[in-house]
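Presented sequentially are two complexes of chain A, the first with chain B as partner and the second with chain C.
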Partner chain A sequence: MNALHAWLTLVGQGFSEWLDAWVRVSRFAMTALIGMLSPATYNKATRLVVQKQIYFTAWQILPGFCVFAALFSYLIIEIVGITARKYGLYEYALELIVRILVLEILPLMTALFVALRTGAAINTEVALMKIQNELDALQRIGIDPMRLELLPRVVGGTISVLALTAVNIVAALWLTHLAIVDFHPWTLTDGDFTRMIGKVLDIPVLLVLWAKTLAFGFAVTVIPISEGLSTPQKLFHAPISVLRGMVRLFFSLMLIEAAALAMVYV
Partner chain B sequence: MTNAKEKSGAKKRVVLLAGDAERRQLIEDHPEAFLVSESLPLRANLSVLENIAVVLQFRTNTYIGEANDTAWKLLTQVGQTGCAEQRDPDLTYEERFVAKLLRAIVLSPPIILIDRPAQLLPDTNYPFFLNRLLLALEGRFEQCWILDYAWNAALYTSRA
Partner chain C sequence: MERRSVHQPRIKHLAVKVGAVLTLIPVIAVGLLLYALYARGMFDSTQALTLNAPDAEGVVIGMPVMFSGFPIGQVSGMALDELGRVRIEVSVKKKDARWLRISSVFSLEKQFLGGAKIRAFSPRMQDPELPAGAERQLVSKDAAQDIPQVIARANSILQNVDEIIRPDSSFNQTLANLKSVTERMAGEYGVLGGVTGSPDQAKKVLDTVDSVNALLASLKGVTARADGVLAKTDDRMFGQGGVMDEAKRSIAQLNTILLEARDSLKKADEVLANA
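After this line comes the complex of A and B, so read on.
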């Protein structure tokens, strides 16, 4: 009986901590959203931090990541194209490519890449700032850390995810045209290509795509920051904070992806 | 502060405290004061120059170039331009202290509290160092209070 009681207490504590963490993330997300939309947030110092964040998150990795995304896209386009042709379904290849690659894989891949690179870095940095009391130090000299250090990272990170996704989608569409219409002009023409793109990427689908990308961008910065802020002021908690932040971020990205899929297909 | 003993200069005051509780109370009683303390570190990913300039830039919405110029002038005034581009882990105790002090001084606050200088400058003859530094910065601040413990009073007798 005692063992059962202890086990139930442990499970209850775990659930309570899990719930608390999500409440913290939600609260911070709401505060960040209001802060992002408030003109009072922005001044010359905060705009500079936003620029730096965009530089480190998007501009610095742009060439390498775009080459990788283009190669990956081309591989998927060729595989889908060749397989579809083999089974006599070539007319469906283009729609399949746009639906799988442009609407699903590229936005998710970009978000995961930024989450791994920037999200982990932001989580570590905020956790260390919290542990070393840098946030209080800023507050004490009259600088609101939320405005100077945290919100610009959310804004910069979100813009970066949107920009990288847009660039990758444009590159993928161009490669699709190249692979399906230019290199292997079996049945499709320029007109077919344009019509198909217009048919698949209609207004509701585009709205869901950009809403999803926006949510990805918001999540890859908000969750690591929120996790970093809740780190206890002990150095050994830093890796635990990053670990928790990254796991929470991964599940959030998957949840956003599933919700977007449900909106389009269910 | 009933127990605090003060040794006054024109703008510099050495406040000698009986213990930690008194020190905390004094800091709490002066929320308007800018604190230079071991517990309030510099931003680790900013250089000394940026740490000083960002205060001006954020608080007064100054252009980055202008804020950097002001920060550079302050560093020149105290003869510490050599550490301008360095970040916190690469600084000596003296350089770190100067960066913290200039970060507090840049907006000319009414009071600057230097909290336990022995902790901030462990390898330095700090009464002499502080005297020289504050003299170099005369006109940049209204009042500077050095919070130290009464058992260090002897350190200030010949120099305060």
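After this line comes the complex of A and C, so read on.
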């Protein structure tokens, strides 16, 4: 009986902690969203910080990541194309590539990459700032850490995911045309390609695509920051904070992806 | 732990780079939207065509209308009329509308694999062009429709084949007989063996043929002799001084004797009358 009681208490505590964490994340997300959208946030100082964040999280990685994404896309396009040709279903290869690669894999892959590169770094940074009381110190000398430290990172991360996804999508569409239509001109024509684009990319699909990418970008920075902010002030909690932040971020990304899929296909 | 505040170096053309990234996103988003709209034929001038069909199964909005394998338009809408028939609205690109003539036939082809296709076929290109807003019948061609019938027929054919190839079927027995016949034909006595059924029988037949041959040879001798006899008989009967000649002469003599006898009888009559 005691064991059961102890177990139930454990489960209840775990659930309540889990719920608390999500409530914290959503509360911070709301604050960040309002902060991002209010023009008062952007004075000269914050504008410079935001510009630097965009530079570090988007501009710096744009060429390298786009080359990688293009190679990856080309590989997938060729695999799908060759397999489809083997089974005589070449005209369906185009649709498959656009639906799977352009609409799903590339945005998710970009979000995961930015999460690994920027999200993990932000989580560690914010956790250390919290542990070393830097945020309180800033507050005390009259600098709002939300406006000068946290919001610029959210803006930078979101812009980064949006820009990288946009460039990758254009590159993947161009590579699809190259690999499926230009390299095999006797199978499909420009007309087939355009018609398929028209069939797959309708207005709701495009809206869901950009909404999803925006949500990815937002989650990639908001969840690590919120997790970093809730780190207990002990140094050994820093890695635990990063671990939790990354796991939560992964599940959030998957949740957003599943919701987007449900919106388009259900 | 002391953490050094991050000293960020001055970045060259920071504003330009950030501006480029910020412009990239809306440019790509709008570009993609415009391309999608263009691909959906939003910027093409089109003309309407209505196709009436009994059944709209397999027809979806956005489905292409093909002419000789090229898409010339697409289904823009579908609705049921008051009689329950399907009215399929098709928008045909203005520049491709010239391929449609008033004699054009439209067919909905359902395939085993993949979506259905609406095909237009213009048998006579010299006919006048199809006017905008025309109504045509959509003929349905379903590759899967005939399958049950085809399967039923194939089944009965297969059953017959089954009957034929069964070990105890008459066809098999015939083949077996044919085999034994041909085997015998290939034997010592050839075709004769095949026909008679066994080598012994074939041998008998050959013996019989031999005997008949011998018989014919002896018959030949007999007829030769008979010929000789007949020639001699002819000679005796009808030849110079033959039986016939003698008979003729005898008959002439007999005639004179009879004449003499008549005269004698006449004389005797006279004698009797005078007596």
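As a working rule, the second predicted complex is superposed on the first by the 265 of 266 C-alpha atoms of A that agree within 3 Å, B and C clash if a C-alpha of one lies under 4 Å from a C-alpha of the other, contacts with A are read in each partner's own complex, and residues count from 1 in each chain.
In this section, a contact is a pair of C-beta atoms (placed from the backbone, for glycine too) under 8 Å apart; a residue touches a chain by one contact, two chains touch by 3 or more.
Everything numeric in this text was worked out from a predicted model, so none of it was measured.
Peer 1: With the two complexes superposed on chain A, say which partner A:Asp136 touches: chain B (first), chain C (second), both, or neither.
Peer 2: Touch status of A:Asp136: first partner only.
Peer 1: Between chain B (first) and chain C (second), which does A:Leu128 come into contact with in this model arrangement: first, second, both, or neither?
Peer 2: Touch status of A:Leu128: both partners.
Peer 1: In the overlaid three-chain picture, which partner chain does A:Leu148 touch, first (chain B) or second (chain C), both, or neither?
Peer 2: first
Peer 1: A:Gly64 in the overlay: touching chain B, chain C, both, or neither? Say first, second, both or neither.
Peer 2: neither
Peer 1: Does the superposition put A:Ala45 against chain B (first), chain C (second), both, or neither?
Peer 2: A:Ala45 contacts chain B only, not chain C.
Peer 1: A:Ile159 in the overlay: touching chain B, chain C, both, or neither? Say first, second, both or neither.
Peer 2: second
Peer 1: Looking only at contacts as defined up top, I'd like to know whether chain B or chain C touches more of chain A.
Peer 2: Result: the larger residue contact count on chain A belongs to C.
Peer 1: In the superposed arrangement, what residues of chain A touch both chain B and chain C?
Peer 2: 128, 132, 134
Peer 1: Looking at the complex, which residues from chain A come into contact with chain C?
Peer 2: So the residues of chain A in touch with chain C come to 51-52, 54-55, 58-59, 62, 89, 91-92, 128, 132, 134, 159, 162-163, 166-167, 169-170, 191, 194-199, 201-203, 206, 210, 235.
Peer 1: Help me check something: in the complex, which residues belonging to chain B touch chain A?
Peer 2: Touching chain A: residues 34-35, 39-45, 54-55, 57-59, 61-64, 103-104, 107 of chain B.
Peer 1: Going by the contact rule set out above, which residues of chain A touch chain B in the complex?
Peer 2: The touching residues are 43-46, 48, 125, 128-129, 132-134, 136-138, 140-143, 147-148.
Peer 1: Please give the residue numbers of chain C that touch chain A in the complex, ascending.
Peer 2: It is residues 1, 3, 8, 11, 14-15, 17-18, 20-22, 24-25, 28-29, 31-33, 35-36, 38-41, 62, 64, 70-71, 74, 113-114 of chain C that touch chain A.
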